[in-house]
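Here chain A shows up in two complexes: once beside chain B, once beside chain C.
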Partner chain A sequence: MQIKPILSALRRHKAGTFLIAMQIALTLAIVCNALFIIQQRIAHLSERTGIDEPDIFVIECEWVGSPTSQQADARMLEDLRVLRQLSSVQDATPSNSYPLNGGGWDDGIKLKPDQLQDSSGTTVYLADDHFIDTLGLKLIAGRNFRPEEVARIDMRDRLAAPQVIVTKALADKLFPNGDAVGKTIYLAGNPTTILGEVELLQAQSIDRWAADFAYRSVIVPRRLAASLGGFYIVRARPGQLDAAMRAAPAALFEHNPRRVINEQDGVLSFAQVRARAYERDRGMAILMGVICVALLAITAAGIVGLTSFWVGQRRKQIGVRRALGATQRDILGYFMTENLLISLGGVLVGVLLAIAINLWLVTRFEMSRLSMAYVLVGVAILLLLGQGAVLAPALRASRVPPVEATRSV
Partner chain B sequence: MSGMFIHNLQLGIFSLRRNPLLTALMIMSIGFGVAASMVTFAVFRVVSGDPIPQKSSQLFVPQIDNRGPQYNRNGEPPGALNYTDALALMRAHKADRQTLLYPVSMSVMPEEAHRMPFKAAGYATYGDFFTMFDVPFQYGSPWGAAEDASREAVVVISRDLNQKLFAGENSVGRRITLDDRQYRIAGVTDHWDPKPRFYDMFNGRAYAEPAQVYIPFTYAMDQQIETYGNNNCGSGGKRGDDRESWLRGECVWISPWVELDSASKVEAYRQFLNGYAEDQRRAGRFSWAPNNRLRDVHQWLDFQHAVPPESRISLSLSVGFLVICLVNTIGLLLAKFMRRAPEIGVRRALGASRADIYGQFLVEAAMVGVAGGVLGLLLTGLGMLGVGMVFEPQIARLAHLDLSLVALTLLVAIVATVLAAFYPTWRAAQVQPAWQLKSN
Partner chain C sequence: MLKMTHLSKVYRTEVVETYALRDFNINVNEGEFVAVTGPSGSGKTTFLTIAGLLETFTGGQYHLDGVEVSNLNDNERSRIRNEKIGFIFQAFNLIPDLNVFDNVEVPLRYRGMKAAERKERIMNALERVGLASRAKHYPAELSGGQQQRVAIARALAGSPRLLLADEPTGNLDTQMARGVMELLEEIHREGATIVMVTHDPELAARAQRNVHIIDGQVVDLAEDPRFHHAVTSARANTTA
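Right after this comes the complex of A and B.
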């Protein structure tokens, strides 16, 4: 295929050529970044919590009146007994928070009492000896708490537990040699010994600020007995989640009606917890997807429109070329190549624009750098889109009969 | 003139119907572009609005660095105060009005025994809160400085809660039970729910359900009513072993606000804050130079990132989308207009001026713009239904397709299309009469 005649023809359609190239460039720039955002959001919402999600639900129970910590503790212990007795419930545990909750207690860990900066951030889960089994965590070193090691704590009490269980991620960060069990650490300024290690347990927050300690959680054998109330994490027997989610609040109210379990979100299955936590990410991915599809459609439509116009304008020339011996393939090839040249120009500018937009997103919104793979995928999509869009008008052009040469406009 | 305009309209309709495909492409292009921008703008408008426009430059959040350069983030003092500093600001009374606040959640016992207790969220604050933030009252009034000082069990409830408990009647002077404590109702607020809730950004409640109850801060402290919000201790500060020592420690959890209505008062308040921090240093509590802030509502919302990045990114990308749609429209209009070069040549030869050509084609473009605007409006309406799938429900709920948005949608569509038409029209007007006649 001769490129020179195509270039000289394009020179006569500077404006149209420029507009298509521009459109391709801008589309590429936005599509690359949108795809990248989609991928990042999906990666974020696919992160594991480490808990056995399908059978787990959470009850948020607030007390009526303002019981003292001792009273609240007594009520909690009774509630747990009630919950564990239900036939649809396998186990239950009290906690101040849970993964994806988006609220809770984050604190710092030091290795020496006089250390200035924390060795690591951490999410503190206040729990009892049922926590590991209820959540389905895997204990990979050391041992679980014994019932007698679990004690009550009030909101503002010092977190002075002699022993804690940490996640592997936290243990590896603090003790890279893999010998964390038995070591002493300073949690919120108080010395404590590592009793065991669980494989995986996500922090309560999935926000960017908590990303540093995403899986570095610590489980403390303390029941938070506060006048405000707290959470019960409940594990249903396999396949009985719905039954347990109905039975549990009913049994709690029957036992002690002086409580509030919010109708809308007082009882949440973990699937609901997950959906809420990742609302923003899912929404962003959907929006970016819609924008991508609409953009590609509009750009394709624009190419079809403008090429059709060119074909219409050049019917006579095409006829002349056909009369002079050009085959249908030649004409088809001409328009396809023309589009390819314009698209190549467009993607060249588009790649630069895509990087510029990404840099702006990086500085403005602390996003990560665009990986070149997305740029390449975007380039491929747009080149294919251009070729696809030009196909119909080009085919029409190739069917222009040679006799067209003899007709006047 | 009007005759010419109508003639142009007729020409436009005729021309648009001659290439239905191109016309449809243009209308769709404009429609989609405008709709995407408008939907994301509707959400952006919600999250970036000024929640208290009449006073946003007179209300300030004092921030005091009680952590020091080793522990604060990016050199910024924490976003709230500890009890010591909060009380010191109240006692100093250096502003026209001042208040402290922290969120509370209390159980309401309805008087009828068969009704279940429920939770009401709200704030422990000072009487100045209501005047500072222009809270409208349906019945009664705020409590006064006397009630603050005497730590009285008074309460201001919301119109909603009053509806729930007293069927909307004037309940001022009646008593309600919150968490087993009796309160006298001082006032009932009218609907009041500024978005974002600028005064409680520290607890991330920018789009939370409206507050139902307000009780005196002093009474709440007396009764040891716990905060329902954040408690941020940093990693170096003294945090205490129980409630008493926690109160004396350096954990921050109280949001302070002051009202200052002139630049000189703002300056004086800054100096007061620096003086206070200096005193604390002399007393040995701080070992660093005063590092305070006094941000007004706008600066505070900025600092607290009130606008979610998602909203900014999606608005920016939607505007980019609109730009692409416009580039697309320019191309299509160019194709459409230039296809009619022979017709233009004839019109020019028959005496039409360049201005006539401009008129004809811009009117035609405006018609595309109107059609695109109407389609855009429909799509925006559809998009608003889907906003809940894309943005968080608390925010999506607030985004509405109101009259101003309808007008803006149409306006953007028409203005954008006419702007896009300038270049193609200019090209069309350049067509030479003689040349076109010759080629025919």
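Right after this comes the complex of A and C.
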């Protein structure tokens, strides 16, 4: 190996070597953290809601004329009857919110009435007895609500229901022994008994502040009869989503035209809901990806540029080496090894820098600790990038003929 | 040792063919010290680059140490350059980024020699040219004469069968040139085969034999009366 003479030569070209090594270090530090953020965002994107997404769509309906709560409730019941009668619709349910909606009702749950701290946060879904079937939730313990257990609630009413259904995540948090059904909990300060348990139901918010109770949801048997309007969650029959999404608003308008359903986003398939909810995450992942690619491209260009400059500068020297017995492979190996040594120096500093940047992000933005796997992947990418970038100028160098040694500069 | 028969080297462009060497014949025996002379543009350097396998030739035959070299591939030519030929260039051609020790080491590394043997050969070669104490110096820290001595040490370290020198004193003042020439004579006396290209009649006079080239062909030195006279005078002065 020619490591010692290459290092000796590099010591004579400190500025170029240092700049490229630092560029590699900085790129590695940023790429590692960016890849980590991308992975986190992608993992976030693929979090399950627990509902039967492919067949579900949501209608947001606003009433015209500010009906009273009783009138709104009556209209809502009529609407639900209309929706459920459609041939393309399997079921429909009213709700104050739905997973990934980004708005709704979050509250705290206590196990004792005089408890100071909440035992858990929760997302409150106001629903009727069709909620579980419409969303395709899996009831794993207890039972569903009966129609007579569902009551109307106004925006100004206290949230007081004798029974609720909770998610398994919430049940496990409150009652780790697995015997939640039948137990009393305090929701919004009012006692309520756990009637059943569903396997999975994501919170309405996917933001960081709701991460602690992302799957700790509670379903309350109450129809929110607000004068403004509300949501209908509709489950289409398999393969009839498009037909149902066309038929449902038409049927609602035909039944009662005194309503507003926004043409842009009044009817959304759950795929659209998901896309909207994760728009920022996807945007951030794309931005990070673009930054990574741009940085890697700039670094590769820097390596190509510097090596090309060095090859041009050392043309005579390469000729001399060839005259003294170097094969084309030796010359190629020289430049590849030289780049590898610079890159190794760069990645060594880059690893420390990557960890330092991550620690700063952890303390400043509550990010997770960077996994060393990302650092290793980053190191591998940068080393391969370096070798790839240096290949073309190194091949050009290897083709310098030995007779170059006899030519005057 | 070195035999070229009817050798030719043609440089072609789209419109013209230029013969750098034409029906070129030369035979250098083992242990000889031959000076190849001739006016500028006569083909001296082309001869040297072909002799040193730095360049290919267009026609004819070239046997080096009994091997016909025209069919060798690039790797084989590199190996022969490395193992059998030592080069001394007019411009020294030391690698400025490497110190004296590392410069002399370059051909030995390409031979795949072990570090201990390399070190021994390098130090022997540097002692022989009187520069062992300068092993850690860089070329820029040495005089021209010292740099050429390092280049000679580099050529000698690999124990080549043939030493090719291209105007080895061309960039040196008289005193330094004399020192380098004495070193080459000493190396020759120890048994090395040396082919030296020069246009200096005084240097040519110190070689055992002169081969004169004009227009790419070997000619009788008498065909260049001025150079012939200069060499004869120089030889007479040396003998006196």
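Simple rule for what comes next: the second predicted complex is superposed on the first by the 409 of 409 C-alpha atoms of A that agree within 3 Å, B and C clash if a C-alpha of one lies under 4 Å from a C-alpha of the other, contacts with A are read in each partner's own complex, and residues count from 1 in each chain.
Note that in this section contacts are C-beta pairs under 8 Å (C-beta built on N, C-alpha and C of every residue); 3 or more make two chains touch, one makes a residue touch a chain.
These figures come from a predicted structure and were not determined experimentally.
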Quiz item: After the chain A overlay, clash or fit between chain B and chain C?
Solution: fit
Quiz item: After superposition on the shared chain, which partner residues are touched by A:K14: those of chain B (first), chain C (second), both, or neither?
Solution: neither
Practice problem: Scan A:L295 for contacts with chain B and chain C and give back first, second, both or neither. | Solution: first
Practice problem: Considering only the touch criterion stated at the top, classify A:D154 as touching first (chain B), second (chain C), both, or neither. | Solution: first
Practice problem: With the two complexes superposed on chain A, say which partner A:V403 touches: chain B (first), chain C (second), both, or neither. | Solution: second
Quiz item: Given the superposition on chain A, what is the angle at the CA centre of chain A with arms to the CA centres of chain B and chain C, as a multiple of 10 degrees?
Solution: 90
Exercise. Would you mind checking which one, chain B or chain C, touches more residues on chain A?
Key: B
Practice problem: Tell me which partner A:G283 touches in the superposition: chain B (first), chain C (second), both or neither. | Solution: first
Practice problem: Figure out whether A:R322 sits in contact with chain B (first) or chain C (second), or with both, or with neither. | Solution: second
Self-check item: Shortest CA-CA distance between chain B and chain C [superposed frame, angstrom]
Solution: 9
Quiz prompt | Interfacial residue positions of chain C with respect to chain A in the complex | solution = 45, 48-49, 52-55, 74-75, 78-79, 81-83, 87, 89, 91, 93, 95-99, 102, 105-107, 109-111, 154, 158, 166
Self-check item: chain C-touching residues of chain A, taken from the complex the two chains share
Solution: 2, 4-5, 8-9, 12-13, 316-317, 320-330, 401-403, 405-406, 408
Quiz item: How about chain A: which of its residues touch chain B in the complex?
Solution: 15-16, 19-20, 22-23, 26-27, 29-30, 33-34, 37, 62-66, 107-108, 116-118, 154-158, 188-189, 226-228, 257-258, 260, 262, 279-280, 283-284, 286-288, 291, 294-295, 298-299, 301-302, 304-306, 308-310, 312-313, 357, 361, 364-365, 409
Self-check item: chain A-touching residues of chain B, taken from the complex the two chains share
Solution: 21-22, 25, 28-29, 32-33, 36, 40, 70, 105, 107, 109, 116-119, 179-181, 223, 225-226, 228, 233, 235-236, 239-243, 246, 308-310, 312-314, 317-318, 320-321, 323-325, 327-328, 330-332, 334-336, 338-339, 342, 389-393, 423, 427, 439-440
